[in-house]
Structures are given as C-alpha cells and as structure tokens.
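Each of the next two complexes has chain A plus one more chain, namely chain B in the first and chain C in the second.
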Partner chain A sequence: MKRPLQYLALACYVAFLGFPLLWLLGTAMKGPDELTTGGVVPLSPTFENFGDAVGRADLITAATNSLVVALGTTALVLVLALPSAYALARYRTRLKIAANAWVLVSQVFPVILVALPLFLILRQFRLVDSLVGLTLVHAVYALPFALWMLQGYIAAIPRDVEEAGVVDGAGRLRVLVSIVAPLLAPGLVATAMFTMISSWNEFFFALVLIQDPAKVTLPLTLARFVGAEGQVQLGALAAGALLATVPSLLFFAAIQRRLTSGLLSGAVKG
Partner chain B sequence: MTRAVERVVEAPPGRPLRPRRGRADAWPLVLPALLPVALFSVYPLAQGLYLGFTDARAGRGVVTRFTGFDNFARLLSDELFWSSFRIGIVWAFSVTVLQFVAGLGLALLLDQDLRLRWLARTLALVPWAMPPVIIAIMWRLLLNPNHGALPGGVNWLGEFSTALPAVIVIGVWAGMPQTTITLLAGLQTIDGSLREAAAVDGAGAWRRFWHITLPGLRPVIVAITTLDLIWNLNSFALVYVLTAGGPGGQTMLPMLFAYNAAFRYGEFGYASAMGGVLVVLVVGFLLVYLRGQLRRAP
Partner chain C sequence: MHLRRLGLAAAAVLLAGCATAPVGPDVDESAGPITLRFQSLAFQEPSVAATERIVAAWNAEHPDVQVQLAQGSWDAVHDQLVTQFQGGTAPDVIHDESADIAGFARQGYLADLGPHLSEDTRSGVPQGVWEAVTVDGTVVAAPTLLQSYVVFANTTVLEQAGVTIPTSPTWTWDELADAARRTTTPDRPGLGWGMRQPTATVMSLGLGFGGTFFTGGGDAATLQVGDAELQVPRRIHDMAYADRSLDPTSLTQSGSDVITAFLAGRYAMVVAGSYVAQQLAEAAPPGFAWRVLPALAGTSPNQAANPQTLSVPADSPHVEQAAEFIEFVMRAENLAALAQGEWLIPASEPARNAVHAATGGRDGWEATLDGAQYLTTAPFQGVADYPQWKDQIATPALQRYLGNQTDLPTLQRELTEGWAQVAGG
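Up next is the complex of A and B:
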C-alpha cells in the first residue's frame, strides 16, 4: 500500500477526532475577554475556569451524587453478576439460554418503554428522587453487559484448576470465591470500571427519576447549563465538561485492551 | 426467533463439572441477580408494553383504562410521529453506515505499522469514555455561530437544512471509536499467515482484503453493526442536549418524541405505544438481519 496515502488518511482521522477535544481544552483555558473570539488556541491561557468549575457548589453536589451512585452501582453489579456469570459460563442449562437472550433483549428495547413503569414502581417504594433508587436502576441496567463481559473472562479460565478444588472437597461457592475469583481479578476490574463509567455517564434514567436539585447527577447539571452557554459561564462549562470526563478517560486508557477482548469474546463466543 | 437467538447465544459446548448436580447447582448462583432484574427490568418492560394499550396519563395517580389499539391508531395519523419515524430511520442508518465505514478504515490503518498510530488509537478512546451529554456540550460550543470554531457564522444546529446532517456527523464522532476498537480487535484475531500466504501467491492488497480480511471479520462486523443500529435507533441523550429535537422538529428522533409525549405532556399510554412500535421494529429487523446472516455463515 502507499505509505503517504495512509499517513494522509491517518492525519484526517486524527484531525476529526482530535479537533473538537483540542477546541474544548482551548475554550476551557480562555480568559473572559477571549471567549467570544473564535480562535482555537488561547492567547493568554488561564486555569481560572477550572477553579470556577470546581468552586461551583452545584457542580460539587452533582459530582458527589454521581460518585455515590457510580460506586453503589458497581458494588451491586459485581455482587450480583459474579455468581450468575459463573453459573452461566459453566453450566449448560435452559437458564443460560434465557439469561443470554435477556442480555440481548436488554440491549434492544428502548428505555422509554421501561421508564414510565419504573417511575411508577419506584414511587411505590418511595424511591423516586432518591440516589438509592437511581443506583438500583443503574445496577439492573448495567447487569446484562457485566454478565456478558464476565462470562467471556470466566470461560477463559481452565476447568482443571477448579476440578482440583472440587476433588479437595470444596463446595461450589467456595470454589468460586477462593479459586475462580482471584484468577478472574483482571476481568473483574475491567467489568467494575466499565460499570462505574456507564453509571457516571448515564443521563436518561437520571433525567426521568431525579428532580430534587440536591440529588441531581453531574450529566444532569451540565446539561442544564446548555442554553446559558453564550453567557459568562462558557469557560466554566468547558472546564467542567473536561473535568467530568477525566476519570472515565483514565480508566478507559488503563483497561482498553482488556475491555476490548472482553467485549469481543462476549460478542463472538456468546 | 427463538431458534435464531439460541444459535446466536449458545456458547461452545462445555461439560458440567458434576453432571448429576449441574442444573440444580446453577439456580442459587443466578437467583440474586434474577430478582432485581425481574422487578426492575422484566416487569417494567411488560408493564410498558401493556400501558401502550391504555389511556395512562401522568397526574391523578395514573388512571388507566384499556383502550385497545387507540394509541396505535392515533400514532398512524400523527404527522409528528411519522416525521420522527423518518428522521429516526435516516439518522440510525446514516450514523451506522458512516461509523462502520469510517471505523473500518481507521481500524485497518491502526492495524498497519504506522508511526503516529498510538495518537489515533488514544484519540479513538476518548469519545468512547466521554459522557454523551459532554460530547453534546462540546459540539454545541464548537458549532456556535457567534464564538464557535467554524468560520462563516452558520448556525449549524439551528438551521433547518443543516441540523440533521450536523447531528449525524456528531453521532458518527461519538460512535465511531467503539466500532473502530471492536473491529481492530477483530482484525487482530485473523491469522496473519493467511494474508502472507495470499501475498506470496500474488494476491494484491484489495484481493487480500476482500477474500481474507473481510470474511475473517464477518462475525465481528455482524455483531457491531447490529448493535450500532439498535443503539442509534434508541439513542436519546446526545441529540436531546444538542438540539432537543429542534429546529422545528428537524432532529426529533423517535426517543425524543416519546420522551416529550410522556414527560412533557404526561401522555404515558401514548408514549408507551410509541415505545412498543420501536420494539416491534427492532425485533423485526433483528429477525430478518440475523436470519440472513446466520444462513450465510458456515
């Protein structure tokens, strides 16, 4: 193949993917008088906007709420998914077919269809406008994907290792906890990160279930700034948006390879 | 349907650890996950499908009366529904096709031994990790006619003629990375010696791509394009924050239409009917598509 052409194509991709990000970074570092001029690079870069973003009480509240929900969701998903994924990966039962079909179905139906009944159910339990309710919902909807990922990782663990444990007289749960789980650690970490980030990023359920300003999550708060953007908040908005992305970015950079192989084994091998 | 799904989801055969206890053993492990899923996912889904046949409304404790196909009949004569339906199809297919073509191109490039590919690889991760809301905010700032980055003062997201194309490009930006990374991982599972052997036999780059790479990628391509199409058809957050369906409904995706019906106008039954239509569409598409793909697979 022609090298120069390949480099040209690569440059186009880098520009397409990178320019918006560069521009966001530039905006976040512009002073108030530079914000309304169109330039990409700030002439006198400043970190003031980041300070402003961090100093905003509403952003701190929202970030704290998001973190609480994301951590709760992750813990809940791991506790629920590990034994199920193990059972689904190791046994050939109807249950497995049903569970995997559910994984597919859960990716397929529009959330609007469950949003209304979910709202009504949670209202019954007094869990509307509550971080506990949102955590439950996030966990249930992150579960199928976590199951899918974990099954792939578990299938990659040789059975012989477990059989040694079984022969030694350990029960099924014992085998899972003391033999499988340690071998699965990297896969568990990847699944945990993925779950955490999907909860951190989630918008729709939060929009539907949370109205109380004290309970809103970060995506909700940031979305609320939209419309006010031509005004003073422009720089702080860009800075806040960047800050909200940093945790996910670090996680994704760290687990990229593992995540992809997990998704792939899930997608291809079922 | 069931057979298609079974064939897709069935894992390679494995033997149970202890044949006699295999089935009974699985239940206690699965039960803790089963309960919350049943309560917060299966039941609401069934309830949602049912609500589509009622006149459920917000307020007054959601009084419901079974109204049969009234909501569906109303949908058929609702011009806003038809336009959101058309826009949804245009949006979902454009974004899926573009992000597949662009994603495959980038994946093939990243598979080569190019000097700056780490940069593209890293950049390809970013949109994946970014919350859709923040992607939307970033592009709104970028495309703002007054202080954005593009010259000419065009209000890309606010003009009737440019809003949908602009939103599609942004959708591709947001979705392409995941497609790329998945295809790249797929490329790396293809046996390199096949390509080398073909090269030795005198097959050009195009023939190698067409006869070895593409067939080798087939399962990954089927999986990722199917999921992309469904995700795009059901997408909400990105366009909600970008345009909220405007200007004048030019970017009113089906999910936005249903969201407005439910949470702005309180018409739960009507919105659920819309959700039901979406489900039937997606399942119908899946049936046709997967059946075709499975038949062609060896």
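Up next is the complex of A and C:
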C-alpha cells in the first residue's frame, strides 16, 4: 500500500513539473480558433505554428548563435572556475574570505546596473555586436556562481587522495588535472549544466550587445512574438519556445549520465 | 614558481592586448554608400513584410543611402535604447512610441526632425498628434500609427436585448451604461473590461470629460484630481458595483483574457484597444456577429494620442538621410500597408483614406478610422515624473478603487498625495 502511494505522489510531482512543457506543446499545436478557448489538449492538432515560427523568425541561425555562445561560455567558465575554485577551497588565506565575499556581493548587482559600463568597455574593444563579446559577458556573469558551486564539490573530495598523489611525486597542477578533475566530474557536469542554461536563456545582455540580425540569439528571436500593448502571437511563440528547448534537452540527455554520484566511494580506504 | 611566472606573463599579454586594441567607431564612414540602421518593432507578420518591402523599395531607389533593417522587440526597447544612447550606438532610425521617447528627447538624444519633414507630411497629420511628438518645441519624431480605445459589441446579444446598434458618430458613456444594464442577465454581465493596468486607459479616456490631470510640463507640472479627472473611474466603478452590469473580475484581467471571454459569449460588449479587431476577425467562431461601436464620448470624444514613432538620434552622422527615409515611410501607401498589417490607425489622413479604400471599412475599420480624428495630445505625456507616478502611485490606487477596496475620496487623496511624494511636493 505504501509503494503505490509513493508512485502516485511521484507521478503527481512529475506531472506538476512537466505541466509547463505539456501546456507549451498543447498551445503550439492549436489553431487560431482554439487558442482563445482554453484547455491544454488541442482538439484539432496542427503543425502550422511550427511553420510560422520557423518561417517568421530565423530560428536555425538564432539557435546556432545561442549554441555557440552557450558552449563557449560553458567551456570558458569551466576552465577559469576549476583552478580558482580549487584555490579557494584548499588554501586558507585572508584573500579567500575576501574573494568569497566578493563572489557573493557580485550576485546582488542588478543587471541593468552593470549593463552600461560593460557596454562601454566592450565597445572600446570592438566586442559589441560580436558573439565573442557576448560569450565573455555571459562567462563573467556565470563565473561567480560556478565558483561557488565547484568549491562545495572540491571540499567534498578527501584531501588524502591528493596527498597520496603528492607522495607519488605529482605537482599541484598534476594533482588538479589528473586527480581532482576526474573525481570532480559530477560537479563539473552540474556546473556546466547551470552555466549552459544561464547562457542559453540570457536575454538582456544579448539585447543590448547584439545588433546584427545575423547574430541574434534565441531569446531575442522569441521576444519578437510579443508586441506592443500586451499582444502576443501565442501559437508561434509556444512553437518557437518548444523548438528552443530541444538543443538544451539534447545536451542534458547527453551529459546527464555523468551526473552520477558515488565516484568517490572506496577512493580512500579507512 | 613556474605558475607565478606563467600568470605574470599572461597578465602582461592581456594588458598589451588591451592597450593596442582598436578604439573608436565601428564603421568606416569614408568609403562606399551610406548605411542607415533601422530598427523596426513591426510585430504582425503582414507589417513585418510591409516593412521589408518599404526598405527594399528605398534601397532600390537610393543606391547611395542603403537602409539595413534590424528587427527589434517592444518588450525591451526602452532598456535597449537607454544603453545604446549612452554608448552612442543607437540605430539611425528608431521605432518606438511617443510616451517612451519623450524622456530621451528631454535628455537631448533625439534630433530635431522639424526642418527635414516636408509640408505634405506635416499637413497630413493632425496638429494634436504632432504635439504628442513635440518636446520643448522640437519635433523629435514622426508619428506613424495610433490606437484608440473602442467598444466592441456582440451585435446578436445587443439586438436580443432590444438595444439599438448606434449609428451616430459618437456614443456617450450614459448610453454605454444603459446598454450594459440592458444586456446584463443573471448569467452574463453586459460589459467586460480588461483593466489590469488601468492608468493609461483612465488618463486617455479622461480627456473626454476634460480631465487633463496635469497642467504645465517637464519638471514644473502640477497635478489636479477633480470631478472631471474622476469621471472615468467613478463610472466604471458604478457599472461594476452599483449597476452590476460590468464584470468586476474582468477588471483584474488583461485585455486579451477578456477578449477570449467575449468570443466565448460571456459579455455583450468589451472595451479594448482598436487593434483587438484583428483577433476578433481571425478567431471569432462561425456565426459570431460583432462590430466596433462609435467613439465613446463624455463631454467630448477626445482620447490621448500615443503614436508609434520614427526618430533619429541626435548624434547620428546621417540625420538628413535618416529623415528622408522617414519621409519615405510616411508616404500614404507605405503607412497604410504598415497600419493594415498591425491593425492600427495611420497617423496621416491620406494613409487613413488608403486603408479605408483597401478594407472597405469592414472588420471594424470604419469606426476605428473615424475615431482617429478625436486623438489628441494629452498633458501627462509631457510630464517628467509621470512614469514614476503611474507605476508607483496611480496604478495601485486605481486597482484598489476598481477592486472596490477603497472609495472615491480615498482614490482622490492617494493620487494627489502620491504626486506630492513623487514630485517632491
């Protein structure tokens, strides 16, 4: 009796979590007359909205741009965050306190506050209207939280493992690359996922920095389905948003197996 | 030790890179044709296509001045322009609305288009609409498209209730209240009105009772909230809570939510932006008979004009050419194509005539185009602290009153004291 209840609770939870996606799918497959009548399930399903979304906005180019920026951001953040987080987690200095405090403080700045100075700096280096510039901005924006996340994962790795490596003659860099990084795989994957999501969905910096129609990202393209006075092209927007989730779903499907825990079990014999 | 040296070397390389990085304008202005960047916010597919056609036609006629079209979004145009004006990278031709650009104009970001616009363009647009894009005596934009608030009626329900469909040029608020009462049944209120953001509606329709709210402009404006200013909220409140002919629930909803209910037959009438006619034309179920009723009038049928605009940054190196392109867009056939695509009213009379000729006045166009003559400038559009007062004071105060949580004297006091607070006394 207990198990069926657990399954029921789990099913309710999954349905709750999946409802937005189901609503999106239902709305994307409704015709114009059904869009105004409510209900999640389309009575006469149609793929017209997908055609409209792709035809009206160049979703393929936008998705490619978003993917380039998101993958670039993720790679840059991981390369920068791994050694920094390792240093913050393992070295006990006053700098560590200051650095952690700064990481926290940097998260409370409103985006609009940093947008203008950032824009002016990037303009000096001709990085406005460039995917490289946007990647740098996204990396700067995601780095503090990635640092925070990775510190926790690194702290969970027993020092004994590293000391064993040092005893065998490995230097700091070798310890980091050959011992810590593999053990940190689940943490790196989780951090990569977080970074990827934040860059994939980011709207405001892309809005301000990108002007060339060939370089716009997906969130900017989707925003075009919203007009003045609260008008929304709901069918096309839902179809576009649904298509926009596909690359990130594929990415997560590919890497989620790496998110397993327990890699450390048995690493240190007690 | 190696790592430290490596770090120092990397820092040196980065600094050297920064020091030698090129600085200055992104575009080489000395060679080739002039390129104007035009950010359009055209939303509906037909108006996006019309914009592309207009730009292509211009580019074909003007090999020396090429327009590069970029598609923007209404959703965040203000934040985008704030940054771009500061950074000196705003598009050469900016699409926005008059209420939004007034602040930019006051900060000196927009060029004076007055000397560049032809007499034909000027005379085709009513003076009241020009005033909506005139800041401190300077014409900072060309008005393109407008919307008004109109009453949409389910004519079948009106006829069944014995309400005569009005054919006069205007329709009074008393007649609206009477029709709402007569079409109300125990199962169905006569009127639905999406008023989730009530301030713009109250300020705009208030003009019809002489409710100007503000006198003076810029930082020197003063607010008065008298009988004329309170007429619109009072009448809406009375219909909702005294007559019970207006659905109070609809007052908390967005315009599109209420239109959905209207199409489902839940109301006999709704008040909404004129552009909603498109939704009705496309989504009305078979047999659903509807029409746009004549312009709603208090002591006059006046409403505030908040036109969409085209303007040019003051620091654009090509103000004259950008203004010529705007003139091109303002041609009757171009403006008419944009207006039809967005289901909005073109600002110029020749363009309105072109829309009427093209649509035959069907699908509500007749009454919508007729209502354009009553759109005029409103004092609040020139008030520096209006946006803050609107968001922080007026909207919540009106929401409380229309939600029947406060009374009219309280609304009056909250609006007045709130202005004193916002404007510093």
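Operating definition for what follows: the second predicted complex is superposed on the first by the 196 of 270 C-alpha atoms of A that agree within 3 Å, B and C clash if a C-alpha of one lies under 4 Å from a C-alpha of the other, contacts with A are read in each partner's own complex, and residues count from 1 in each chain.
One rule holds in what follows: a contact is a pair of C-beta atoms (placed from the backbone, for glycine too) under 8 Å apart; a residue touches a chain by one contact, two chains touch by 3 or more.
The model shown is predicted, which means the values in this text are computed figures rather than measured ones.
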| item | value |
| --- | --- |
| First, second, both or neither for A:Arg172, with chain B first and chain C second | both |
| First, second, both or neither for A:Val128, with chain B first and chain C second | second |
| Touched partner set for A:Arg90, first chain B, second chain C, both or neither | first |
| Touching partner for A:Glu163 - first (chain B), second (chain C), both, neither | first |
| Partner chain in contact with A:Arg56 - chain B first, chain C second, else both or neither | second |
| Contacts of A:Leu116 with chain B and chain C, given as first, second, both or neither | both |
| Partner, of chain C and chain B, that touches more residues belonging to chain A | B |
| Partner chain in contact with A:Val208 - chain B first, chain C second, else both or neither | both |
| Set intersection of chain A contacts, chain C complex versus chain B complex | 35-38, 112, 115-116, 120, 172-173, 203-204, 208, 223, 226, 229-230 |
| Of chain A, residues touching chain C in the complex | 32-33, 35-38, 52, 56, 112, 115-116, 119-120, 123-126, 128-129, 172-173, 203-204, 207-208, 211-213, 220, 223-224, 226-233 |
| Sites on chain C touched by chain A in the complex | 3, 18, 21-23, 26, 37, 39, 41, 43-45, 48, 69-71, 73-76, 79-80, 82-84, 86-89, 91, 97, 147, 254-256, 259-260, 263-264, 273, 275, 279, 282-283, 285, 308, 342 |
| Residues of chain A defined as touching chain B within the complex | 1, 6-7, 9-10, 13-14, 16-21, 23-24, 27, 35-38, 40, 79-81, 83-84, 86-93, 95-97, 99-104, 106-118, 120-121, 136-137, 139-141, 143, 147, 151, 155, 159, 162-163, 166, 172-173, 176, 197, 200-201, 203-204, 208, 218-219, 222-223, 225-226, 229-230, 234, 237-238, 241, 244-245, 248-249, 251-253, 256, 260-261, 263-264, 267-270 |
| Residues of chain B that touch chain A when the two form their complex | 5-6, 8-14, 16-18, 22-23, 25-30, 32-34, 36-37, 39-45, 47-49, 51, 56, 62, 102, 105-106, 109, 112, 114-117, 119-120, 122-134, 136-142, 144, 146-149, 151, 173, 176-177, 181-182, 184-186, 189, 205, 219-220, 223-224, 227, 230-231, 233-234, 236-237, 240-241, 254-255, 258-259, 262-263, 268, 271-272, 274-276, 278-279, 282-283, 286 |
